[in-house]
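Chain naming follows the written order as A, B, C and D, and within any one chain the residues start at number 1.
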Amino acid sequence: MSGKMNRRSFLKVMGWSGAGVALTGCDMPTTVTLEEGKEEVMSYLMPEEYVIPGVGVWYASTCTQCAAGCGIHGRVREGRVLKLEGNPDSAVSNGKLCMMGQAGVQGHYNPDRISTPMMRSGGSLTPVSWDKALAMLEEKLGAVSGNRFAWFTGTVSGHQSALLTNHLDAMGSTNHYAHEVVNNAVSRAVNQDMLGEANPRLRLDKAKMIVSFGADFMGASQSPVQYSVQYAKFRTNKERGLLVQIESKMSLTGGSADLWLAIKPGTEAVLALGMANLLLNKIKLSDAGIPSDVRTLINSYDISKVAKITGVAGDRIQRVTQLLTERSPSLVLAGASVEGQTQGYATTAAIMMLNHILGNVGKTIESAGDFPFPQLMAKQGGTADLVAFAEAAKAKKLDTVIFHGSNPVYTAPESLGLTEAMANIGFKVAISQFPDETTMAADLVLPMSSYLEDWGTQVPADQAESSAIQVQQPLMEKLNAETKGFGDILLTLLKQRKKEEYGQFEDYYAYLRNAFVAMPTSVKNDAQSNDEFWNAALQTGVIKVDVGAKDLQSTVVSFAAPVVDDSAGLTLMPSPRLGLFDGRHANLPWLQEAPDQISKVVWDSWAEMHPDTAAKMGIENLGLVKVSSVQGSVTLRVVLLKGMHADAVAIPLGQGHEAYGRYAKGLGINPLHILDAATDDKTGELAMYSTRVTVKRVGPPDSLSIVRMGTGAGDSQVGRKLVGTVPVEQVRRTEGT
Amino acid sequence: MSLDNILNHWSDYRKGAEEGGHHEYEHRWAMAINLDLCTGCNACSTACYAENNLAVVGKEKFESGQAMHWMRIERYWDQQELEHPEQGASFLPMMCQQCGAATCEPVCPVAATYHTPDGLNAQVYNRCIGSRYCSNNCPFRVRYFNFYSYYESSWPEPMEQQLNPDITVRDKGVMEKCTFCVQRIRTVKDKAFMEDRSVKDGEVVTACAQACPTSAIVFGDTMDENSMVSKLWKKHQVERGIYQKTKYAKKDTDLRGYRIFEELNIDPSVMYLERVREDI
Amino acid sequence: MSKKRMMGLFGDFEEAHDAIADIRRNEVPGLTVDDVTMTSPIEHPEVEEVLGDRPVHIQKFTLAGAIFGVVFGFIFLAAAQASFLVQPQGGKPIIALPSNIVLIYEMLIFFAVWMTFFAFIFLSGLLKKRSALYSEKVSLDQVAIIVEIDDSISESVKGLFQKHKVLEIREEAIR
Amino acid sequence: MTMVTEKDINEQIAWAKINTDVLKSMENPRPAYWITLAVCLAMVACAVLAEYIQYTVGMGTAALNNPHMWDMYIAAFVFWIGMSHSGTLLSAILHLIHADWRKPIYRFAEAMTTFSLLTAGIFPMIHLGRVWNLYWVLPYVSDRGIWPNFRSPLVWDAFAITTYLTASMLFLFVGMIPDLAICRDNTTGWRKKLYGILALGWVGSDRQWRHFRKIYLLMACFLIPLAVSVHSIVSADFAMSIMPGWHITSFPPYFVAGALYSGCAAIITLFILLRYFFRFEDYMTLPIMEKTAKLTFAIAMVWTYLNLIEFASVWYGHDVYNKELLIAKATGAYAWIFWTMLFCGSVLPFALAFRKLRRHMPTMFVVSLFLNLGMFFERWMIVAPTLSMSHEPHQWDIMYGSIVEWAIVFGSFGWFGMLFLIFVKVFPSVSMYEVKEMVFHRKRSAGEEDLARMTDHAKPATQTTGGGGGA
């Protein structure tokens, strides 16, 4: 039989591939050779030369679903990217990928993507040509002067970041607002002051014990995959790591804790000081490097007092503290719920101080070294910039703003008055992929290519063992030709300003290649030629960067004494979650349909409360409640979980979009809107976890899209061995770990 | 002629699970899932959606229990008597256990679900008439039925371009379930066949195992003595075959390995390792 | 010498019974009980006894059907299973006797019942055209005695019938 | 009149009257008939609409979900199969034990069997996800060498029900041949043609009667084990699974008893309806009703006993899944159904123990309806709770069915009613020739010694009917 494939055998193949899971159609070299494929099987006649019909090829790139910058592999077949997986060469992702990264393809193929530039005329956005849009842009940017122009972005890094900075310079402006709801800005500040580094390397894998104050490092954190991988090592080490989670709302990480302690919201600082007290005064660790005022502060918190304030049992505190000294090196972490307090800085400092006392610095907290390309380093977002931006807008200090990679209209609390203030901004440009709230409020919308169609580099803020630049390359042709990559748009903007300087680059690809080629030999290491280096970079998807070794010294800064808010009501915890994250993934059906890890709710918003608290208020599980703060109120269903402190009510982020496409629009509510505008007095970051609310029952229980469908089933194993649990001693004996 | 076929192979054809049944297995794919590492993060589940063309059913249908998540994460609260779950939650990744003596198989009226030489419990969509008996007889409740046609609602233009061409999109009236990513197995087997070698351990990785950030899921061939899975099964003294045999095989009952509902004698291919907690 | 068929309708079953009894006792020479057919609206074995024992063979067919059902059933099922090795097994043998026995049992009854039915149709002389001598009264409440005789003895037969209070007599020539 | 009530049937009844009464019941339907028929058709229409929706939109419209892959349809299927059992089975048993009081009532009972089978047969089909491939269940030789899976109880169902349907239809038909001959002789026009064909040229010759006696006996002998096996096999759908609450040894007898039970209850219902509508007081007499009621009561007790057995065996069995399920049945979301079932099935039948009530038609009518309600609930309790609360607690749920489901189940009653209504107008719903036999034999045994008196009675009968018979 010749290589030619006659119609019958072709049909046979089709029939087989149709025949369910037992067979796998075209991936069978045994039934379809490439020759046959090209001639008969492929739907289009002349495939691109890099397309091997019927065979999936993996290309390396970088994930931008969150700021972590995981290296990914994308499976490309017949010119379409089908599946994303972690890139083993990337130290950040270690060949793994979280649910958000997996769902990246759905953002890429999303039916609600913006396909053409749009300009606001007569109140509504109407499609225009790129030329018109760019002409408009050039005119407006030409008109604006200095600081009346601003960029508003999420976390940006790599060469895009560099270009963006250059554009700001070209515009003579210094206003770059970088906004992320899920951020560790306060920790960065504390680290900067205590360690001299904002983003030291955390080595969970080296720790024998982790005490986490609400740090959801495996969930909605700065680098979930990296820390999950480290967690796995931490657990499987010779001496199994011990995880103690202290928080007011059980997070994904808390779900895996050996000991989960509920603490009264806002009293973490007190607990930290109490533990410090035990360490210094009882266990007699050295108090070197601790300022006297802090020392006296510590002394004033004896265990009984601490137990009373925090609601954590005294013996528990003592035991945990004791273990911290026994299981050295340990690691104490502070998370969003700690940072996001009116005293966020002080609290975080108090917690980081424990690392200092326990001598973890340098062991489980390492220096990130000196990154050779400061201009490429991540400009990390926070909420302080959001506040500042709102102020500036209100004060009519801004004429033209370009928005990208952030959705302030959705994420800003009403109390900031941003929505109204937006009107004060004369010309708002949105470089965006989806019709989200901010984009809908813009005057000019530039359709952006998805990260799977675009060139770029990412420099993760939280670098893993080995620092690297993550390379991002297109995995397929643009879905619609009208979209432009972010880098290309930046380049165009710069060409408008500095033709002479950037005219040489035909497009961002050219610029990037040039930039790579220009890299020092230290980075290129043994690459023979520029082409080889370039190809190697594209193949591996990472450019390893030697940052040199550096050891870390810590000093304790003095911080304010904790003030405990005992006013009536409950503390609202607007908790982000792996999945919808800060709401940016609400338009990805896979993530909408993936149940929340703790409460198992899908496709909806809900409030989490402790059953006892609810009982006092006469609220039943799945009942309809009204959560009101000074700023406003939201009505939603309640899910009673014991993984809550009695004084807290949690409303996960992500839902409540007024725009953002068919999957996100009109689902649930957005807790961010009812937050107070209170900020951390030191860093100016929004105190997102300090809003006091009251909860009122407004309706009877009703169905909610909970996996267990509200029957109460699925909560308990009813004595059946589905998940067995054994004490660690037994495992030590049997497995010697 | 099938008559002398019967006479010649009578004794073969009369073999039940106790004697290993009538199978010349090429592989016996299996898993070992370390529940101590599972953080319930949903990565596996989402990866499964991406790999296997699983339909997104939407709020209402999900609410009425018609979701299609082949790989679902179950979350249980132990220590319910306490005020707070002090040892966190118990997460259980639950997918088709590819039982050696699968209860779903003998009840299918049209032989749409059967046992492959790979030891997989295959579902032939084309043959299924949707009597749903298999799902009723599955103690794990991991078989999912296409109650509706989803190909319009779940993959609106251009979403359908993401669909994996290696497997079909199922239409209404058909039962479906986890296949241990049979398309991946198939690809690797064919590759090995072309290169005239046997499949190497770690060559086949299911989507869930691949994605799992904590590497809690290990996938492999229990017929390959040196495969990671075989070693783990051996280490925890979990054996293939039905309960009566394995019960006595397990010398040290403190070992963490166990198979869910093993007492039903269905010989699941997934071994779970118990969650570990330290009391402090 | 032409033959004829004669029918006598009787309102009274006992009279009919006696009439046949007389024939049996050869009161009419040349007429034996074998020539007698009795048609009646109901089933009454005790009256029919007088006709002497006339064998019925349906049960043999039933037996045949049953045996066929069993043999065919087993061979069919076993052959099908043996030639269909990918069938779902779930740890059960290829040829699983318990389930096959259930099906064979059903097949036994199936074939037995149908054989019985067809045997009934053919053995009981149904599906034939009714002769002119059929009286609708028979389906109501009267008994008819039909005899095949020579013309020669027809008178004496009539006499016999009359003696037993016959209500009506019909004749028909056999050609 | 009191004397008559003591007897099952009045021996003095003239044979011609039997003919005319029964034949009359087959002619010129009254408005009431048309109205009922219309109602039934309307119900069927609902069902058809519902099925159309389900067929086009998907099985999801039937409120099925992951734990509840089966539901109302299977419950209804079991219910109707059960309904079918009384007719043939009782008729056959009573025939074998020469209980001739069956004769006036067995005809419609057997018809009921056939029609409830035809109803039951619908449910497995509409419950299929891809009904258009139904024929794959049949063992036909295909060039792909694919066969159905002979291990599956569903395939057993297919075999058993086909056998049972054909066999009981034959039984019904054979038993009807002499009556069809009567109809043939007493009708004109298309009816005469129809009956002429169906009667197969029956003339009532001794030869025919002898074979008739034999085949009827043989069929009765086969039908009893068949009927038992059929419902055992239906029970196998559940008992052969590993699900708690299904995998129970006592299921086959339990199902058979339940089947007889619901069947008897249905017989009582139809008995009263026919007696009332067709003025069949002379044939469906109180004594016969009493006997039927007593029988029903006996079966009710058997059913209750088997219930208790099941509970006990589960309770002392220490199978955690089964035990928890049993407790959940009695206390959980389905508790009200559970207790209603027990009340209707085990307490209410004691009404049948009182002569007064047995003879009071309205009471009997209501009671019989409640008995059947209880039986339907029993089927629901068999199907639903197990699926709601099986091994995997994560997948527990509660389920009450959807509009579509209810519409189809509702319609099935219309379908049954329609078939039955047509039957009673086309075929004699009381066996004429056998009532005659009954009268004849009873009379005979009444005065064996005094033939003279018998003949005195026989004569006027013939005279009165001399004309009537001919007409």
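As a convention for this text, a contact is a pair of C-beta atoms (placed from the backbone, for glycine too) under 8 Å apart; a residue touches a chain by one contact, two chains touch by 3 or more.
What you see is a predicted model, and the numbers here were worked out from it, not measured in a lab.
Every chain gets a centre from its CA atoms, and the centre nearest the mean of all protein CA atoms is that of B. A count of C-beta contacts for the chain pairs B-C and A-D puts B-C on top. Averaged C-alpha coordinates give centres for chain B and chain C that are 63 Å from one another. In this assembly, the C-alpha centroid of chain A lies 66 Å from the C-alpha centroid of chain D.
Mean C-alpha position of chain A lies 32 Å from that of chain B. Measuring from the averaged C-alpha position of chain B to that of chain D gives a distance of 44 Å.
Within chain A, residues 707, 709, 714, 716-717, 722 each touch two or more of the remaining chains. Touching two or more other chains at once are residues 64-65, 67, 72, 74, 76, 92, 103, 106-108, 111, 127, 266 of chain B. Across the assembly, chain D contributes residues 146-147, 149, 151, 155, 391-395, 397 that each touch 2 or more other chains.
The chain pairs satisfying the stated touch condition come to A-B, A-D, B-C, B-D, C-D.
For chain D in complex with chain A, the residues that touch the partner chain are 320, 324, 389, 391-398. The residues of chain B lying in touch with chain C in their complex are 2-3, 5-6, 9-10, 12-17, 21-23, 99-108, 111, 113-115, 242, 265-267. Those residues of chain A that touch chain D in the complex are listed here as 707-709, 711, 713-714, 716-720, 722. Across the interface of their complex, chain D is touched by residues 11-15, 37-46, 48, 51, 54, 56, 58-59, 62, 76-77, 80-81, 83-84, 87-88, 90, 92, 96, 99-100, 102-103, 105-107, 109-110, 112-114, 116-117, 119-121, 123-130, 134, 136-142, 146, 167 of chain C. Per the touch definition, chain D reaches chain C in the complex via residues 15-16, 19, 139, 145-147, 149-151, 155-156, 159-160, 162-163, 166-167, 170, 174, 177-178, 181-182, 184-186, 200-215, 218-219, 222, 225-226, 229, 233, 236, 433-434, 436-437, 440-441, 444, 451, 454-455, 458-459, 461-462, 465-466, 468-470.
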